[in-house]
Structure formats: C-alpha cells, structure tokens
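Heads up, the next two complexes both have chain A, just with different partners, chain B and then chain C.
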Partner chain A sequence: MTEVLVVGAGPAGLAAALAARARGAAVTLLDAADELGGQYWRHLPPQRPAARERALHHGWARFERMRRELEADPGCEVLTSAQVWAIEPADDDGRVGADGRLIDGGDRAVAGAAARAALVVHVLVGPVDGADRVARSIRPDALVLATGAHDRTLPFPGWDLPGVFTAGAAQALAKGERVAVGERVVVAGAGPFLLPVAASLAATGARVVGVHEANRPGRLAAGWLPRPWALIGAVGKAGELAGYAWNHVRHRIPYRTGSAVVAAHGTDRVEAVTIASLDRDWRPIAGTERRVEADAVCVSHGFTPRLELPIAAGCAITSDRFVVVDAGQGTSVAGVYAAGEITGIGGVDAALAEGAVAGHVAAGGSPTDAEISREMRARRTTTDFAGRIEASHGIRSGWTAWLDDDTLVCRCEEVPYGRLRATGDATCSTGLRSLKLTTRAGLGICQGRICGRTVEHLLGGDGGFADGVSTDRRPIAAPVRLAELAGASAPNRPEGHLRKETP
Partner chain B sequence: MSARMLPAGSDPIRPGPTAPVTIHVDGEPVTGAAGQTIAGIVLANGRLAWRRTSSDGRPRGLFCGIGVCFDCIVTVNGDRDVRACQRRACDGDVVSSQHDELPEVHR
Partner chain C sequence: MGYDVAVIGAGIVGAACARALAAEGLRVVVLERDAAASGTTGRGEGNLLVSDKGPGPELVLAQRAAALWPGTVAALADELGPDFPAVEYEPKGGLVVATTEQGAEPLAAFAQTQRAAGVDARVIGVDDALALEPHLARGITAAVHYPEDAQVQPVVATEALLASARRHGAEVRTGVEVTGALRDAQGRLRGVATTAGEIAADRVVLAAGPWTGEISSRLGAHLPVRPRRGMVLVTTRMPHRVFRKVYDGDYFGATQSSDAALQTSSVVESTAAGTVLVGSSREQVGFDDRMRVEVLRQVAAKALRLFPFLSGASVMRAYGGFRPYMPDHLPVIGADHRLDGLWHATGHEGAGIGLSLATAELIAAGIAGRAAPIDPSPFSPQRASLAPHLAEEAA
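Showing the complex of A and B:
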C-alpha cells in the first residue's frame, strides 16, 4: 500500500489526506499545531465549545465533516503538535552532492506518479517548543507539502511597538481565543484578507476605526473587473467577499483605498498612528497625513509562502517564488507534491481543489481520473483568482518612502534601515549570504521569516543576488534545542515507515 | 484601552461554560480560560509586552500570533524560548519573561 505523508492540516492538507485515502493509500497527516484546520479554520479549543462557532467561519460545516472523517478513519494517522524540522535525502536512493542535492537520482529518475519519494522527514512531536519532544523520522512513498503562508508585513516607523500586530495575529486571537487585540483598532495593508480580519475584530467586540487598503480604486478595478465570466466558477469566493462587505456596512467600518498606516506612535506601546494617502506606487502623498488614536494596529501587505520544506526537498521554485507544480500538483521532485498557498496565493477554494488533486495523484491516481474532474475544473478557475489578487493588491515599490533611518527592518537583530543600507553600501557585496553576515539582518530567531523578503528587496532590488541565495532556504526548518538535535535519530537513518505510535 | 476577551454573555457565538486556568507570570497569578495560549491569557489581562530586546532593551509582546516571528518567547517551567502564542497554558505553569542582554549593552 502506498504510504502518503501530508505536511500541514489546513484546507489543502485536509483535502489531500481525504483524497489519498479515497484512492486507497495509508495516510499520515501532521501539523505543528495541536488542532486541525490551519490558519483559515483556526478555532476554539475543545475545552471551549460554542453553540454557534460556525458564525466566525466560512465553510465550517465542510471543515467539521473533513475533520470527523479523517479522525474516525483507522487508515489515517493524525499527528498533531508535530513540528517538521528537516527534510533530507534518504541514503538508499542516490548519492548526495556537496550542495546537499541528489546528483544520482536513484529511483527519482523514474518518470510518473509511481516514482517513490527519496526523502526522510524529521519530526519532533510534543508540546510547542518543549524540551522533551519525541523525535520521529518518516520515510513516505509520497510526500504532500501543504505548509501554507504567513502574513507579509512591511516595516514602517513604530511597527515594533507593542500593540502593532499582523492581521493574522488579530484573526488567530479572535477565532482561537475570542480575544480582541484592542478596543480601537486600525486595520491596514493590502489584499482581500483585510476584510475578514476586520469582520472578526468586530465580532469580538473591538471597534474597527478604519480599514486601509494601499491600492487605489483604479488598480483594484483593473485587477478585479476584466473577464468577469472567469469568476463565475469562483462564486463561493465571491459570496464570501460579499458577506464581508455586508458585515462592514452592518458595523459601519470605513473602508479607504489608496491609504496606509505609515507610522505608529507611542513610547512603550502604540497610542496612535499616522495615516496617509498613497499614490499608485504606494508612495505617501505629502500633506495628506493625519493622526488617528488607536490602541491596536493590525497590518498585512499580503502573504509569504512557507517554502523551507519544499526547498529542503529539492523542489524547483518559480521566479515569483512559489513551488513549481504540474497538472497533478507534482513538484520537480518525484514523489513530492505541493498544494495550497505555497503554489500561489489563491485562497481556500484553490487550496481545497489543489489538495484533492495532490492527494489523489500522490496515492497513485492520475489528474485525468473522473474522481477528481470537479477539482481539476475548480483548480483552473481559482488559478485565475490568484492572478487577480496579485494584479490588484501586490506590493508596489514606493513603500520604502515611508521608512526612516531608525525604522527597524529586522526585528530580531534590531537592524535599522539606515544601518542596513550603510553596511550594504560599505561592503559592496552582491551576495545575500555575506550581506546577512555583515548587516545581521535575517540572522535572528525567526530565521528571516518576517524580514527576509524585505531585506532582499532593500539590498538587492528585485534582481536577486550574485550567490543565488534566498532567505527562504532554511536547512533547519524550525528552531530545535541542541539536546533534541543530539538525541534525534542520526541523519539518513530513518526509524521506520509511518509507524503507528503514540507520541 | 487594551486587549480583552469578549465576555461570554455578549458573544454572538454563544459559548458554553469554561474552566479557569491560572498561571504565574513573573510571580503574579494570572487567570484565563482553559485552552487559551499563554500569550492570549497575558494579553487579555492587560499586559501588552513581556520580552525586552537584547540590544536596545525595547519592549515586545505578541506580533504575528501564529508562531512565525518569535517576538513573544518566554520561559515556561524552566524551558526557555517557548512561543507564548503557540503554547497552551496548563494550570500552574510558571512563566517568566526573557531579556537576553548582549555584552554590548554594557558599553
């Protein structure tokens, strides 16, 4: 029986696990969180049941159905609180080159879905960041990566003050704990995600004093209005957005386009923000600044896909930094599939369709099989949706005009914009690795997850670096304790194949 | 003005009864609902920041809320560098804030 490992239990991972089971594979579904659903279906813990929790979610009944089916299925092992910290080539399949890539493909050279993944996935299972997690190594026949994305927040003066949050933080606390991050909240950034965040805040008792979308109406219309017939298939998504708009009217939340939070003010916490109008390239327009009192600010300028595991697995990445996939969601590495936001920021419907296709093909099916024809059609519609999000809401270059020399770029290592540029100029380096070492930007405990893309943009423009390095490459995919590293099974010596065991 | 949990009585999702959980944060007892994260409990009790940065000693609390940024790390029952936004609180957890000073700070 084919053994399929699915990493990530958000919409894409859940759909992949179900489709792989339907095709007869033995499935292990793992997630770093202790609950299924990912960030999209982030929900209250079992200790806090609520009669109408569905009111906070879209597609809640579908999630409950998927979760129930997987948890009741003896052919699916659900492994929560499971942090993947490394993926490496298995020693029984080909030789490993000095750069860590397989140079003799072993059975990777076999074309088609039947080729077995030649990888070992190293996992730590137990309480988050605990010292006594149980090490486990899994050697699946096929690997489905569905690791999702996190907020991309551009720096601005004061963004390191307590009380400034990512939009995802506000969403997680509202849905997962019924905690509102503040009483007077400003939501700002770019993209359709700002709307559900404002809606969640309002439903958690916060007063949202404004939602500020950086893009101007012209660009929003240019991205969303052409080819409206292509959206017909995405009615689920359209309905969801209509729901948010209604929510806005109901709670009288002002929605302003072409404006942004360009600074947060306060000494030890945020007390107010400066809001300015932006031109079409996101450059603040002088004279439009106004100060707004707020005790919390939630900012998101889009999403960064979580690419460390696909990169560790050797998957090819597109020039716009998503995982390359074929019609069956197969990556450039045999036996490795990718679905959801890591293949393009397309939202929940795309993730569900891609996940189902990935799981089906990973379990030995074909993208032309009748069982997944509906998902294949949905996949085409939602790919169009992803393109519209980028066209309407993608980051524009003028934002750097709101930075001061003192604005922190790297929050962990506390590297301000002025020093980052001065060090970069002084060293005349064109390699990202040496620039990181001299500036220290991106070397902190978040492993460059928050500032990485920004540092790349500020130091190298969008032309890339001479050494071809990107901040998405993290051979140790999550911080681990030295004792855990020492106690983990030796590299290239997997313990076994998808063994059933209780962590 | 601060973060707070929506009182159950005014929550449109009609929550059921919850069990209390009490943790000790820098010596002070703090109470939340069972199943909350450490960060969620601390925030809802009115404390917005708990870590001090290494270099400039600036206050930090929760930023990304989904385990990505590591701004919110605390020591829990002697284990350092635990993400408070991801770790569910257990009754009696002893939590202390972290300030890992760099030698340069003393110059």
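Showing the complex of A and C:
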C-alpha cells in the first residue's frame, strides 16, 4: 500500500489526507500545533469547548466533518505537536539522480507520480517545551507539504512595544482563547485579512477604532470590486461568514484606505499610535499625521509562505518565492507534492482544492480522474485570487520612509534600521550571508521568519543577492535540543510506518 | 586597463592577499564568482589555532599568523572606523582535553613536542581545567591549556580586509567567474577570461579554496585541492558558560587524517553574540551540500561528552561548508612552477581563517621579490610531498 505523509493539518493538509485515504493510501497526517485545523480553523482546546465555535469560524461544520472522519479512520495516523525538524535524502534501494529523481535500472528517470519519494522526514513528537519529545523518522512513498504561511509584518517605530500584535496572533487569541488583545484596538496593514481580524476582535468585545488599509481605493478597485468589504465575498464561499461578520460590524468600524499606522507610542505598552495618509507607493504624506489613543495595534502586511521544508526536500521555488507545482500539485522532486499557501497565497478554497488534488495524486491517482474533477475546476478558478491579492495589496517600496534609525528591524538580535544600513554601506557586501553575519539581522531565535524578507528588501536585495542566498532556507526547520539531536534515530533505518494501535 | 595582480576568490585568503598586495602599491583586482565570504570562509568557526598543529611548517605559519593578528585587528579598526562592525577578535585561548584513559598520555606527549617548537602548551591537572571551564564534564582525564589560541568572526574579518584593500586602491568585483587563462606568445599567464570579459593582469593569485581544483584546471595548471565537508551547529543565545575554545584530543587526529569517510570530533566554543558553536565533522563527499542527520547526531553526541549542560540547549541552525583539502596536508603558497605568472594561496583545509594573514605576507613578499619572515619553500607547489599527486593528476 502506498504510504503518504502529509505535513500540515490546515485546510490543504486535511483535504490531502482525506483524498489520499479515499484513493486507498495509508496516511500519516502531522501538524506542529496541538490541534488539527491550522491557522485557519484555530479553535479552543477540547477541554474548553465553546458553544459558539461555529459562529466564529467559517466552514466549521466542514472542518469538524473532515477531522472526525480522519480521527476515526484506522488507516490514518494523526500526530499533533509533531515538529518536522529535518528532511534529508534517503539512501535508497533505487539510485537518486542529481535532480533528486529516482533512476531505474535503465538510467531513465522514473516518470511522474509513480516515483517514490527518496526522502527521510525527521519528526519530534510532543510539546515543544517538554523534555521528552519522541523522535520519529518517516520514509514515505509520497510526501505532501502543506505547511502554510505566517504573517508578514513591516516594522515601524514602536512596533516592538507590548500591545502590538501581528494580525494573525490577534486572530489566534480571539479564535483560540477568546481573548481580545485590547479595549481600543487599531487594525492596520494591507490585504483582505484585516477585515476578518477586525470582525473577530469586535466579536470578542474589543472596540476597533479603525481599520487602515495602506493601499488607495484606485489600486484596490483594480483588483477588487469598488466596495472594500466586498472583497471578502470575492474570496468565495469561504469568505462568506467573515464577510457576514464584517457586514455586521462595519457600520461601527471606520475603514480607511491609503492610510497606515506609522508609529506606536507608549512607555511600558502601547498608549497611542500615529496614523498617516500614504501616497500610492506607501510613502507617508507629510502633514497628515494624527495621533489616536489605543491600547493595542494589530498589523498584517500579507503572508510569507513557510518554505523551509520544501527547500530542504529540494523543491524548485518560483522567482516570486512559492513552490513550483504541476497540474497534479507535484513539485520538481519526485514523490513530493505541495498544496495551499506555499504554492501561492490563495485562501481557503484554493487550499482545500489543491490539497485534495495533491493527496489524490500522491496516493497514485491522476489529475484527470473523475473523482477529483470538482477540485481540479475549483483549483483553476481560485488561482486568479493570488494575483489579485498581490495586485491590490502587495507591499510598495515607499514604506521605508516611516522607519527611524532606531526602529528595530530584527527584534531577536536587536538590530536597528540605522545600524543595518550603516553596516551594509560600510562593508559594500553583495552577499546576503555576509550581510546577515555582519549586521546580525536574521540570526536570532526566529531565524528570520519575522524579519527575513524585510531585511532582504532593506539591504537592497529585491533582485536577489550575489551569493544566491535567501532567508527561506533553514536546514534545521525547527529548534532541536542537543540531547534530542544526539539521540536522533539514524536515518535510512526508520522505524516502520506506525498504524493506529486499535483499528 | 591591466592590473598588476588579479586575485581569484574573495574568501579570507583572497581578501588578505588583496590587502597585502594593494599595500605594496600594486594595482589589484579581486574576482569573486559569488559574493565575499560566501564559500568556505562564511561556513567556519573562525579558528586561529596553534594548538592543533604539530611541529613543522604549518605550525611555523600558524605562529607567524598568531603574531600578525593583534596588530592587524587594531590597524583595521583604526582604518575603518566605528561604523564598521567589530571583527570579534578574542585571544581566549584553547583547552584541549582527553576523555579517555588511553587519550591522556598521547595528549601530554603531543604538547611536549609543541613546547619544543615554541608553543605555549601547558599540561594542567583536571582540577585546573575545571577551574578554567567550570561546566566541563567531570570525566575528563587530561587537559592542555593553549593561551595562544584565538577566535575571530571570519566574515566580518574578510569584509574588513577587503574594505581595507579598497582603501588602498584595490577593486573588488563580485559575481565574476573566471573561465580561462589569457596567455602571451611565450605561454606566460597574462590575465584571465571571465564571465565579465577578459581581465589583463601581470600575475594571478588563485585563492579559490576548495574550488581551486576546478579553476586551476581552467587556467591550465591543475592543483589537486579537494572539498572536505564539515558541519557546525549553532545554539540559541545563552549566558556564557564556555570560555575558551574547548575540544577533544580526537580533533587533531581528524584534521591529520586522509580518510574520506565521516569523522567527527567535538569542538565547542561561545561567540561574542552568546551563541555556542558546536563542531566538527570531516568527510569527503564532493560538493554535496545536503544536510545529513547522522553527521549532526555524532557531532551533538560528542559535544555532550564535553559539556553535559548543553543537553537542553536548542540548536537553531546548522551550516556546512567545504574545506580545501590537500592530499599532503599542507597549504600551497607560492608561484606555480608549471605556469609562469600563476601564484597559489590555497589548500589550508580547516585552518585558513587563522593562516590567511601569514599566507598573504608570503604572497606579497614573493611577488615583491622580498625575503619573507618565514621560509616559504615548504609551501611551494614544487615541494616533494606534492609531486606524486601532481604526477597522478597529470597521468
């Protein structure tokens, strides 16, 4: 039986696991979080169930159905709190070519989906803070990567004050803990995600004093319908509830385009923010600044796909830095598939469709099979979404005008903007590796997950660096204790594919 | 316009050579395929060691380098000013320990030979070792303290040497790959063909580290430099609990070995930033740069034998690189006897950061036709120990 490993249990991963099971594969589904659902269906832990879960989540019934089906299925092993920390090539019975494809006896690359993934996936299972995580090394026939994306947040003076949240963190607190981040909250940044965040905050009792979209109406209209809240509907069915929630609160929440939080103020935590109007390139317009009292700020400027595992697996990445996939969601590496936000920021409907296709093909199916024709059509209709988001909400270069020399760019290593620039100017370095090691930006505990793309932009590397390095490559994909490393199971001798103990 | 010297490679050896040659008043261009410090230099720990070298020419080179570093660091800081990041030169000393009964005696005997060669190698008791490194494992059996060992941040040091070279008039061109030789009618090297066109130069200094094998072939005078892969683990920042460069006596055996198979030994040290670097591994796998978990496992297990407190430390990244390995375990520094105009500055294996300054001094003296402070002949491409390997390559 084909063994399919699915990494990431958000919408794309859940859909992939179900489709692979439907095609008869044995499936292991794992996620770093302690619950299934990913960022999108983040929810209260089962010990504290909420009667209103359904009202806070779009598609909740669908999620529950998917989760129940997988958890009840003896052919699907579900691992939560499972961190993939490394992917390495397997010393295979078949030989592996330079391109990572298996080579058969006649020295021909084995065609398409039939080739087995020549990789070992190293996993640590257990709470991240716990002392006794269990090591697993899995050698699947096919690997589906559905690792999603995390918030992209641009720095601004004061963004390191307590009370400034990424919109994703605020949303997670609202959805997962039912905690509002403040009483008077400003939501700012760019993209359709600002609206459901504002709606969630309002639902948990915060007063949202304003939503500030950096882009001006002209640019938004070019990508979306003239009414800004209508863009939620454009996401498709998945957006309906968030759109509904937003429609519910929009008469109380001012929505401003062409404006941004350009500074947060306070001593121990945020007390106020400065809001300014922006020109079309996001440069603050002098004289438009106004101060607004607030005890929390939620910021989102889009998403950064989590690419460390696809890169570790050897997958080709596009010039705009998503995983390259074919019509069956196959990556450039035999036996490795990708779905969801790592293939393009496309929202939940795209993730569900791509996940189903990936799972089906990973389990030996073909993209032309009748049982996934609906998903193949959905996949085609949602691919336009990513382009629209980029056209309407993509980051513009003028934002750097709101930085001070003292604004921290890398918070882990406390590198301020002024020093970052001065060091880059002093060394004249053209390589990102050298720039990181001389400025220390991106070398801290988050390994550039928060600041990486910002550092690249500020150091002038929008066209790439002379050493070809990007901040997306992290061979150690999650922190590992030295004792865990020392006990890491030897690769290529993985324990057997575990099944549920009770069928 | 022609140059007096074209230096191929902007790692630390190329950077040091460019600075030394530019300081001679020569017109220098540095040609780098990728970016400065993007190869071996940026993938090491920044070792400036005498402790791992037995009596012989490499030790003499290391001792000369150790004498040059403090003055060079001061000169660079003075020249480049406060906006330039510090090179983090730390004369912290090294502590080499044995973890087995069998390992104790050879460690002390090795130190004895080093002392005879002028190294400050102090055999100390286990209690004294624990006083120097209070978090060291209790089970060590012998220790030697080497006050002359030091550490530097290799990437900053390279950028500083290049910045200084520029101030002396050198040009640094990155993203330029050497594709072949320019020769005159007599066959003498007169420059290089590159991806950015032909560059005329009276002399060419090849400092391409593990890529020297390929580039020297393109120039028509192959040198058998091979890549020897190594990996380093980096922990998250923590309060300083490792004060010196601490390593297991096995390390010397690994550096001197010619075995292509994986060898690991433990080398542990803190950086100025508060991270702990954990090495090291050696294996010959060509230029395959994929991370292997088995290598990490062995390196981690051996480090815990030295510092058990690290068991809970989080490794947040790992990096690997390729050391320029010579089959006779000596760097190649000097004029190529087969191709007039070509000079070599390569093959330092894992010691290039430390040896860079002394290498550059030899190259600058050789090109200027001056006597060098140490005898350059053991490093010549013409040396007897290299001859069979050159013959083998030619065959």
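Here is the rule we go by: the second predicted complex is superposed on the first by the 449 of 503 C-alpha atoms of A that agree within 3 Å, B and C clash if a C-alpha of one lies under 4 Å from a C-alpha of the other, contacts with A are read in each partner's own complex, and residues count from 1 in each chain.
Heads up, the rule we're going with is that a contact is a pair of C-beta atoms (placed from the backbone, for glycine too) under 8 Å apart; a residue touches a chain by one contact, two chains touch by 3 or more.
Given the structure is predicted, the values throughout are model-derived calculations rather than measurements.
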Which of chain B and chain C A:Ala296 touches, first, second, both or neither: first
Which superposed partner A:Ala169 touches (first chain B, second chain C, both, neither): first
Which superposed partner A:Ala202 touches (first chain B, second chain C, both, neither): neither
Partner chain in contact with A:Pro479 - chain B first, chain C second, else both or neither: both
First (chain B), second (chain C), both or neither touched by A:Phe465: second
Which superposed partner A:Glu177 touches (first chain B, second chain C, both, neither): first
First (chain B), second (chain C), both or neither touched by A:Asp160: first
Contacts of A:Gln39 with chain B and chain C, given as first, second, both or neither: first
Partner chain in contact with A:Ile138 - chain B first, chain C second, else both or neither: neither
Residues of chain A that lie at the interface with chain B and also at the interface with chain C: 131, 413, 444-445, 479
Residues on chain A engaged by chain B in the complex (per definition of touch): 32-34, 39, 44-53, 55-56, 127-131, 150-151, 160, 162-166, 168-173, 176-184, 203-205, 268-269, 295-296, 411-414, 444-446, 449-450, 479
In the complex, chain B residues that touch chain A: 1-7, 10-16, 18-19, 33-37, 40, 43-44, 48-49, 53-56, 58-71, 73, 79, 81-83, 85-88
Touch list for chain A against partner chain C, complex: 86, 88-89, 120, 122, 131, 137, 312, 314, 413, 422-423, 425-434, 437-440, 443-445, 447, 465-469, 474-476, 479-483, 485-488, 490-491
Chain C - residues contacting chain A, complex: 32, 34-38, 42, 80, 83-85, 153, 155-156, 158-159, 162-163, 166, 172, 174-175, 233, 235-237, 273, 278, 290-294, 296-297, 300-301, 303-304, 310-319
